[in-house]
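Below are two complexes that have chain A in common, paired first with chain B and then with chain C.
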Partner chain A sequence: MTSSRAAAPHAGAWLLIGPFLGIFALFTAYPLVRAVMLAFQQTFGPGAAHYVGWANFDFLSRDPMFWKAAKNTGVFTLGSILIQLPLSLALALLLNRPGLRGRAIYRTIFFTPALVGVVFVGMIFMLLFEKRTGLVNQALHAAIGVDLDFAWLETYIMPAMILATLWQYVGFNMVYFLAALQNVSRDLVEAATIDGAGAVGRFFHVTLPSIRPIASFVVLLSIVGSVQFFELPYVLLNGTGGPENRGLSIVMYLYQTGFQAGDLGYASAIAWVLAIVLAACTVAMRFLARGEDA
Partner chain B sequence: MIRQQAQSADSGRIGGALVHAVLLASAALIIIPLIWLVCASLKRNEDFFTSRFLPAGSGFLGVAWERLTLDHFRSLAQLGIGRAALISVFLASVTAVVATMAAAMGGFALARLRFPGRRLAESLVLAAIIIPPTLLLAPGYQLLFQLGLLDTMAGLILPAAAPAFGVYLFRQATLSSVPPQLLEAARIDGCGDISAFFKIALPLVMPMVSAFLMITFLGTWNNFLTPQVVLQTPSNFPLAVTVAQLRGVYYQEYGLLMAGTLVSIAPLLLLFLLLQRDFISGLTSGAVKG
Partner chain C sequence: MRTNSDGDAAAIGRIPFGPIVILVAAVASTLLLAARPAQDRHEVRMWTFARLHHQIYQQQVAEWNVAQTPRIDLSLLSLLAIEQRMLSAFLAETTVAELIEVERRNAARAFAGPLESVGFVDLTDRLKAEGLDQAINPASFSPWTTRGRIFGLPHDVHPVMLGYRADIVESAGIDVSKIETWDDFAHVLGPLMADRDADGRPRRYLLNLWETHFEVIELLLLQAGGGLFDSDGRPTLDDPINADVLVQLAVWCAGPDRIAADVPYFSASGNKLLLDGYVIASFVPDWMCNIWRNEIPQLAGKVKLMPLPAWKPGGRRTSVWGGTMLGISRTAANQEALWEFAKYLYLSPISARELYTKGDIVTPVRSLWSDPVFDQPDAYFSGQAKGRMYIELAPHVPVRHSSPFGAIAADRLQTAAISVAAYARRAPGATRAELLSEARRALAVAQADVLANVRRNSFVRADFHEEAGQ
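This part shows the complex of A and B:
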């Protein structure tokens, strides 16, 4: 035993980290290098490729479909964040009320949709958003007289997707906010109350700054998720961009060019643009998380 | 003074009622689509045009119970949903076990062992976490093609077998719950690194093991894009791909589509509710022993 340890003193450690390193090298590092090469190639299916220089990026900058997809993705991301996160925070604030009864039950209920896969959320909402037979139009018609033929899945596909995503993730984000709120110092809140701060003042001057690190993490998670959205439009629009490509997302366009049309090179160029935008968002959020005290 | 207190208690009670009203309304909005899903999977297709939840009739609670049907589930069985469910169970459990094991081992090595290359491995983990999976989609597909792994289960399981995010989580869990003194004592008793992991570290990070098993199981079960890209033979498709394909073929068959969706999500939701209780009992038994 002693002799084997002397011969290879770190064998155990390498065996333990080995599976990660092996899988990382083969399925992350190597494809990452290939992704750089692919972005400068045109391919026909997985086998045949030839070098095209900057042509993919050049075409990308003038490709109206890509810009349509980029605009849709931006609208979806902003819409998701600006509607979803304030509601998540509001629910968390309500649940955080001292002595609230049924907190655990509420939390479980709100969290449940996060367990449902996006594909299945798409299936459910596809029928909920149907004209006439869909529950959404029936309820809106009964409540405020909205037209039963309101075309969620055609003209209003963006609001439809933002609402479906709101249903799925409002509770998921709420759980993070709730965890953050439980760490807000009671002394600080009390001190602010004694100093005469009202509920609104306490929220903006005590609560919000205290939950800032987790809040910016939640914003980042939402950006990373929304910018790569694919499965929801795939199911709602049956693998197309919808009428006039109103629901075309960037990853959907990547899927169409790479896996339906067979040009993995152009798909990689799209993926790089996406990756760079995400990297910029990550840096920006790090910066915001540190805030004034940086 | 007393009156003031009574007043604030009153306003607290009114505020409390308001809070509950808002919470109940939100909870209803969250639950209604799921209840609707269950109703829809039991309805005949023609009843979708005349009823919102269940068809109205003269039966108990004003529902025409006799109009409900299990036909959609029978058609699903004939379409091979059973096989798709087995494939989902297989993929999700194998991926969860393998990924959790590899992540726990890697996390332990990074947190508590000293070896050349540890710093590098640590930065690789952090780098891998921030690489968006979309970027690896096209070259990953090409790689699986070259390896002959397209349209195989291995082509889905291997790339997910040692997730960087998991290694990071287990590194943190090991740092916070495996005391270095314990490992030092074991080492003096002649315990090697590998047996130290299995005998000492692994039992101490069990909460993370169950949490990560569940995260990976859920993620694999719900994953659509990867199996959609990697698999080609329909008899290999897991539930997510099968159900999404039903949508294209049987667009008008509302009941069938909802039955397929219900079959795909109900086991997961039940499993989660059961495990939630397990987590709690695990925590309390630990507290009693301690």
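This part shows the complex of A and C:
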């Protein structure tokens, strides 16, 4: 067989995957390579870039703003996971109770905020938390005499953002948990009940192990979403990090560095650190999930 | 039993609905794009970010398009859209609108990098050759100047005055003409804060100011003679004048004798508080007159303007807030014709009159300041000839120096201001000297942080880092 004949059977395959490979190379592989190169460059406006080795990463390791943003992002992520997910699970457990009337209506009510865009959520909460005229201060002032001038978005920016995200996504995660709960084996639950297990015992020894794969997925989803959070602080704080940068997230800092200060090289370095952190989280979660399966 | 070939034939015979929809959509959108008329080679695009400017320019652009070339296609875009498209185009060296009207902070971002790679045409030589550098108020050039070169034609001056509730002040028998300094301001208007609510708090405050209002803090620094950068672009956050201003700010906002309140600018809730008389005076640059007029018409005849109180007797009675320029894209063809259009749009007597009558904005062209239109009484501001008042202050508007590190400096200054105010709240009995010490500390941190960013940048390091002795 000649070489041209040998190649012939593969020509069709190459032809078919060619468009994908072309698009992948142009819009995914090339930008990735460029982003890596950019992370090792100093940039300053158009047409000004040169190689600086690890200098961007070195500066990042000592940059107080980056660490402040990392701390804020960590707090937000922990807040999302430790408050939002247990609440989502609790709502799912309530909705999963046998004989509950209007289950679909409750599910719709809890899920609806997830349909609202993050920008709208930001604007709504900005109005709610305004001094003097905001609904929160007006209500608290009328009820317990809280100072109308209390500045939620200056004093408690991170709790305010956690609350806004909680409102938006608690129903979204609830749907995952509800789906998982509806797949818990009734035989197992009944067997545990016959063996004398109470509600708490059944939850920890039957329900929770059964929904663990879905719970791991929801935790991973929450971590990824929280680490990447940008729109909410951007809208709520008018594109700034807020007073003393208490609301600055890593992605906000990346945006400010790259697109406001024009330092694309440093922004790229931040982006790669963020990508590595997210990849590590994903690997860790997969590792944990595999351990559970075993 | 059906063979595989039968199955394949059947599958091909029944093409699913989804792919057909995708195919039709792809073909239709391709045809629509192909059928779209190409841009006229004789037409240039101009982007503006302000609805008001867009309205004002409509007629002038139409008149230009009848008599002159190139034909101008004027578009209104959001400020963020202009910034992103402009910076992306400058970075990638792709085409962008030939004429771009931008606000101060967006323009400063475009001035990063070597001078020869700035995306706007350097207008310095043209301005000097035609004497426009003298004809236009000098301070109006400063935001568009980097390293001694000017990249935009100034649209305005934007002097700042205090807009105050004349109805409340005058009914209390207070004469604001006695106010010369900020100390006078607090002293003369102080009785207006005597009215207290059930909690013992004043029902109203004297000044709309808060430690989070960066734009206002900056204008106060500039009025006092401080600022964020010097004329060579070096950060000057730790200037002693800035420290003094931050101390005063903390006293006004957070001290035991607080006189300031947070009434958000550009918001419905802020407008409501102004209407309620929650604050007596707000900082009002000329362009804000138009916002008040349109958004709070109920204040017509109830407000007046007065020059800013000075920091010390005989001191500067105004400052500056905002600013717009018109820049010509470096990639634009026929730059001479675009320059002619830019002058027609910004510098003609008709433009100046339109700008003031429709937008309350004072032209930067000094020879046009004698136009009687500026002497007309304004019913909204209780019959004051506010145009003349702003023009009298225009020559005293402070210079603002542009820097690519402006966004970082602004953020760090804001943090310092908040820190000093927080200190004043934590220690209500703090002396002025203690507050000053805290302000110096906070500003030193801010300065060091901005300098760290400057030092890291090898492109500007060569310009001034070494000579600054760092």
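Going forward, the second predicted complex is superposed on the first by the 256 of 294 C-alpha atoms of A that agree within 3 Å, B and C clash if a C-alpha of one lies under 4 Å from a C-alpha of the other, contacts with A are read in each partner's own complex, and residues count from 1 in each chain.
The rule is short, and it goes like this: a contact is a pair of C-beta atoms (placed from the backbone, for glycine too) under 8 Å apart; a residue touches a chain by one contact, two chains touch by 3 or more.
Predicted, not measured: the structure shown is a model, and the values here were computed from it.
J.: With both structures lined up on chain A, is it a clash or a fit for chain B and chain C?
T.: In the superposition, chain B runs into chain C.
J.: Based on the superposed arrangement, let me know which partner A:Lys131 touches: chain B (first), chain C (second), both, or neither?
T.: In the superposition, A:Lys131 contacts chain C only.
J.: Go through the superposed model and pick first if A:Glu244 touches only chain B, second if only chain C, both, or neither.
T.: After superposition on chain A, A:Glu244 lies in contact with chain C alone.
J.: Kindly classify A:Gly47 by the partners it touches after superposition: chain B alone (first), chain C alone (second), both, or neither?
T.: Both partners, chain B and chain C.
J.: Based on the superposed arrangement, let me know which partner A:Leu232 touches: chain B (first), chain C (second), both, or neither?
T.: Neither partner.
J.: When the two structures are overlaid on chain A, which partner does A:Asp149 contact: first (chain B), second (chain C), both, or neither?
T.: Only chain C is touched by A:Asp149; chain B is not.
J.: Give the label of whichever partner, chain B or chain C, reaches more residues of chain A.
T.: Per-residue touch count on chain A favours B.
J.: Report for A:Ala261: first if it touches chain B alone, second if chain C alone, otherwise both or neither.
T.: So A:Ala261 only meets chain C here.
J.: Considering only touches as defined above, state whether A:Leu163 meets chain B (first), chain C (second), both or neither.
T.: In the superposition, A:Leu163 contacts neither chain B nor chain C.
J.: Tell me the contact category for A:Gly117 with respect to chain B and chain C: first, second, both or neither.
T.: first
J.: Mind checking 8-16, 314-322 or 350-358? I need the stretch of chain C that runs into chain B in the superposition.
T.: 8-16
J.: Could you pull out which residues of chain A sit against chain B in one structure and against chain C in the other?
T.: 46-47, 127, 132-133, 259, 264
J.: Which bits of chain A are touching chain C when the two form their complex?
T.: Going through chain A, the ones touching chain C are 42, 44-48, 50, 52, 55, 59, 64-65, 127, 130-134, 145, 149, 151, 154, 240-241, 243-245, 256, 259-264, 266.
J.: Quick check on the complex: what are the chain A residues that touch chain B?
T.: Checking each residue of chain A against chain B gives 1, 5, 10, 12-17, 19-24, 26-32, 34-35, 38, 43, 46-47, 91, 94-95, 97, 100-101, 106, 108-110, 112-113, 115-120, 122-128, 132-133, 135, 138, 167, 170-171, 224, 228, 230-231, 234-235, 238-239, 251, 254-255, 258-259, 264-265, 267-268, 271-272, 274-275, 278-279, 282.
J.: Which residues, counting only chain C, touch chain A once they are in their complex?
T.: Residue positions touching the partner: 84, 87, 90-91, 93, 109-114, 116-119, 199, 211-212, 261-262, 264, 267, 269, 272-273, 278, 404-405, 407-408, 411, 414-415, 418-419, 449, 452-453, 456-460.
J.: Please output the residues of chain B touching chain A within their complex, sorted ascending.
T.: Listed in rising order, the residues of chain B that touch chain A are 16, 19-20, 22-23, 26-27, 29-34, 36-37, 40, 48-49, 52, 102-103, 105-106, 108-110, 113-116, 118, 121, 124-125, 128, 130-143, 145-146, 150, 158-159, 161-162, 164, 167, 190, 192-194, 197, 218, 221-225, 229, 240, 243-244, 247-248, 251, 254, 257-258, 260-261, 264-265, 268-269, 272-273, 276.
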